[in-house]
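Each chain carries a letter (A, B, C and D) given by its place in the written order, and its residues are counted from 1.
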Amino acid sequence: MRIGVLTSGGDCPGLNAVIRSVVHRAVADRGDEVIGFHDGWRGLLECDYRKLDLDAVGGILARGGTILGSSRVQPAHLRDGVERARGHVSDLGLDAIIPIGGEGTLKAANLLSEAGLPIVGVPKTIDNDIASTDVTFGFDTAVGVATDALDRLKTTAESHQRVLIVEVMGRHTGWIALHSGMAAGAHAIVVPERPFDIDELTALVGQRFSAGKKFAIVVVAEGAKPRAGSMEFAQGTRDVYGHERFTGVATQLSIELEHRLGKEARPVILGHVQRGGTPTAYDRVLATRFGWHAVEAAHRGEFGMMTALHGTDIRMVPLAAAVETLKTVPAERYAEAECVL
Amino acid sequence: MRIGVLTSGGDCPGLNAVIRSVVHRAVADRGDEVIGFHDGWRGLLECDYRKLDLDAVGGILARGGTILGSSRVQPAHLRDGVERARGHVSDLGLDAIIPIGGEGTLKAANLLSEAGLPIVGVPKTIDNDIASTDVTFGFDTAVGVATDALDRLKTTAESHQRVLIVEVMGRHTGWIALHSGMAAGAHAIVVPERPFDIDELTALVGQRFSAGKKFAIVVVAEGAKPRAGSMEFAQGTRDVYGHERFTGVATQLSIELEHRLGKEARPVILGHVQRGGTPTAYDRVLATRFGWHAVEAAHRGEFGMMTALHGTDIRMVPLAAAVETLKTVPAERYAEAECVL
Amino acid sequence: MRIGVLTSGGDCPGLNAVIRSVVHRAVADRGDEVIGFHDGWRGLLECDYRKLDLDAVGGILARGGTILGSSRVQPAHLRDGVERARGHVSDLGLDAIIPIGGEGTLKAANLLSEAGLPIVGVPKTIDNDIASTDVTFGFDTAVGVATDALDRLKTTAESHQRVLIVEVMGRHTGWIALHSGMAAGAHAIVVPERPFDIDELTALVGQRFSAGKKFAIVVVAEGAKPRAGSMEFAQGTRDVYGHERFTGVATQLSIELEHRLGKEARPVILGHVQRGGTPTAYDRVLATRFGWHAVEAAHRGEFGMMTALHGTDIRMVPLAAAVETLKTVPAERYAEAECVL
Amino acid sequence: MRIGVLTSGGDCPGLNAVIRSVVHRAVADRGDEVIGFHDGWRGLLECDYRKLDLDAVGGILARGGTILGSSRVQPAHLRDGVERARGHVSDLGLDAIIPIGGEGTLKAANLLSEAGLPIVGVPKTIDNDIASTDVTFGFDTAVGVATDALDRLKTTAESHQRVLIVEVMGRHTGWIALHSGMAAGAHAIVVPERPFDIDELTALVGQRFSAGKKFAIVVVAEGAKPRAGSMEFAQGTRDVYGHERFTGVATQLSIELEHRLGKEARPVILGHVQRGGTPTAYDRVLATRFGWHAVEAAHRGEFGMMTALHGTDIRMVPLAAAVETLKTVPAERYAEAECVL
């Protein structure tokens, strides 16, 4: 077989492990040929690629980032995107394309698949918000990085009697906040799925101080928002060059909590550090298995599907179903976390 | 309710996180009382315990070890073990006992449960060999520690052109070897489930050298053994005080591979470092969820069961079924790992 | 002897290691008595303290924060601060006081020393800006945390073709920026000691892009400022409650560089994570040695001095000299770092 | 200038950082040409090398091992070693050679220097036993790895009431044992500089148990030996292929202490993991500075010297003096560590 692989969308620890695994399984075990497109869909649309042999993937298993580069280009962005993709697949004699990406990438993958292209998707997201799979690689690393930071911040908050509001990634879902908050023993966890009431949150943190504690850690997902009517939420302002700049939720919460509690409160925004660098062992194993099974699915002709983790098994699930909804934090998982309050 | 909790068997990162979670859920949320028995079953059998309130579990979430201590004492070791346990449960007015432990502990738990005691088990093992649950806490940390070590060893082996035989834990099963070997890109993985043929292993490693590579990493589970007739395996010798001392499998393999390959080969035995220290975020979340659900099961009167992870859900499964067999590495998981050879 | 110890000022990894070492050396080896004042100078001024025996310092060596608490209270803040301190020292029968703290704390220590109190200082700063000592504990940990973050950010910047402006601690000096920037291979390092020219900085980063590179990492100390006339630097704004809020240097630089380079640029502010959590081995050894030598100095009656590292030796140096000037990054050290540009 | 660089001897974190720094300083800043010899002196003796430009050293700063490879070949091993080296230096038109290595390498460097070759040495050792420099890169990483392991082992020993004898590197000197033991709070530290008396050591550890403690951690350097007459030390045995195999000091100590104390005692041998993998920030900065200053020394024509750290300065010191003696742990440093017993 001749297989094309590409990585698209935001950075995610484990991308290189998938690429390596695809090449190992396809080239070494199956005798296939593999090419890698540069910068995601852009490479496919512009026929920009290179051959990937075993040497090309030497030493990349534990490395963050992606040796293929990435971009946010989508086939649907071009009027003739699908046709150009089809043309290049045909010209290059590709029997399968393995796009590795998040929600947007998988939607594009589904579009191309519906247009008849031989697609096997590999889901990727540090946010853990892709449906149809228990989890995907990148999430464990992001949670680990956030937890390490929270462990460090806790001793500082404790010795110096502060409220720290720690903003973690999660624009639409609170998975990283939930897991890192549980792992580090945060005293409140705020997620987008459940708009917060500032009075309740103040009361919750205030309770700790009434009970004699001298510090608190609040973990908040970047996409968290106040319940309607609960608190005025600052709008974006324009910088000197007219670009909109937003004040993050952690900053706004710290201003509000400091005022209401009469305690020093400080925001900490963890940022991109959560999506870079060497993946955890968990993510490397999952990414490697995804790559292996994607090649197998291609050989079985199971297109229009993506790899998914169900329990301890890797299964193939329809792309169409996976991109239909976001996987949000269910109420019962959030309830478990209240034990840490 | 009045709940007794104990930790039994070998060390495992996450024990303290379970204890803390049981106390948080039971005491803070449910208004229960919790006591902790010292040194596992010994504490129950000798009525040696202390009260656990919220302060008692402050700051232990991320700490390795167990604040309650552990031992290898089992109720079945005493003729009247079951009766003594029953008596103390009755004297102390306990409504539930939550033993946290591995296979041996859960067997004892099952025995006591069958004798009518109100048991809710929490499985614990760094080896990942307990059936009925996808995984348990401690395993992810052990794999992480082994993977970090392998990452370091790889650069050394590479620069200095050596074969390193790295022995990881796993007396009966090869889960740690499989996962850390996949995560670190080991060139051969040897597990107890599949006795190795020394000729095959030599050929496999030799192939790398023939292909121009100048080093190799072999990960071997401590319980791995040669296929019958494949290689003479050294017996234990007696030390100066007459205690039997065994030469580990990594040492024996390194002697054999050095001789057969004509390349410098060295054993590295990772040892206890795999079962101590701070748990990963993954293990802390799982341990916390196990503790939470154990308390809930006790309140629902679901005894004779243990907590288990199925996909992303915590379910209660019968202790009897869980202790029937060891969970070994299935052939298809081992096959996936061959992609890294 | 009877010795009082206290920790004052901002958090710094290694404070607990000093406290433990003082107690070990004084109590276990010298037969002294040690008391710990709560919350820095406040504890001394209000006679709020507790006895520290060996058990009190068990298990704290590797823990961040300080078991004694800290505050920013200074004796000079009270009209009768010095007299109250003298009175309590006399009432408590103290033969020596060991304050552990940064520049402000050591200035206060010097003041008390000049007033005749038996002071042996231990310098502490993550910023490395205390004179008379090669380095002090906390700095190595801060640099390590920043370097880990930079390692992660580098793969993200590279895969996603961005300029990342990473703000590290250092209000007056650029030591953390210099060391973490060198350690991580940053492409530009901006320190307070050398106000930056925005044109030069743009040219420097732009050069990388002209040379075909697709990303850049700029490390900037929080206290860095533009050269007069080089760039308009935003003033603080007031939040809804009227408190002044500053836009950090990394945010301002990213707006400016994005505009000038026409490349996506993003700020990352590492924040408090640099001053919390478990100290590195280096910092634990140094902190332990400082504690040990402080006790010895007290026994020799060497007051008005502080512990200092000179090469591999711990020496006692006069407090008065140490607090006279800040230790800034010298031009030749900055020149070495240009090799990484 | 035309500069040749090589890495020789055992692995050491930071080798790549020196190579990169030499190339950055020489090629980018000074307009020099740099070639790298393969596998240490072997490359020079066999004229096996490659050109090193900026691209060749991209991405290696944080990587363990050495991109140039290493070997234990020494010029003095060949009858005409010095002459062949001189010939190749002349043929290649080299103005300077920068060998990076430990004691053996620096002795060879001194030999070649005395024979008139333009040598600027860079010392490297994880053992910290090279004289004339405060410390060299690799040591901090080794101590960090050992300390991480000790932190993990401590919780295990504590929960499971054991004596753990942890063997760290250090054939001739106890620096790693001293620093990691101090950093982790070991209860006894055994170094080669001070042969141990088994009765004293037993008494020391026994004291802990008498005082009610239930575990102990003993750190022992691999080269530690019993005081004459104190304890029978096992000789090497021969394996099935007739190679001599030694029973390490930790294994022998654990047998002896278990017998004498009547407590479970276990050896843990950390091994090669201490000399591989990514260097700490401290080691990367030091390695980078050494590389930078080696190039500068070459340009100043300061040959027969090596880079050294004195306090915070990099100085050039004579190779001849540096290789005269090993730097051992002085009595006063060992005394400080007794505070942790």
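Here is the rule we use: contacts are C-beta pairs under 8 Å (C-beta built on N, C-alpha and C of every residue); 3 or more make two chains touch, one makes a residue touch a chain.
Remember, predicted model here, so these are calculated numbers, not experimental data.
Considering the contact criterion stated above, no chain is in touch with chain C and with chain D alike.
Minimum number of contact steps separating chain A from chain D: 2. Centroid distances from chain D, each centroid being the mean of CA atoms, peak for A. Centroids of chain A and chain C (each the mean of its C-alpha atoms) stand 34 Å apart. For the pair chain B and chain C, the distance between C-alpha centroids works out to 41 Å.
Spacing of chain A relative to chain B, judged by their CA centroids, is 30 angstrom.
Listed for chain A are residues 151, 278, each touching two or more other chains. For chain C in complex with chain D, the touching residues are 20-21, 24-25, 28-29, 61-62, 134-135, 140, 143-144, 146-147, 151, 179-180, 182-185, 280-282, 284-285, 288-289, 292, 310-312, 336, 338-340. On the side of chain C, the complex with chain A involves touching residues 10-11, 15, 63-66, 69-70, 145, 148-149, 151-161, 164, 232, 234, 239-241, 243, 245, 255, 259, 266, 268-273, 275-278.
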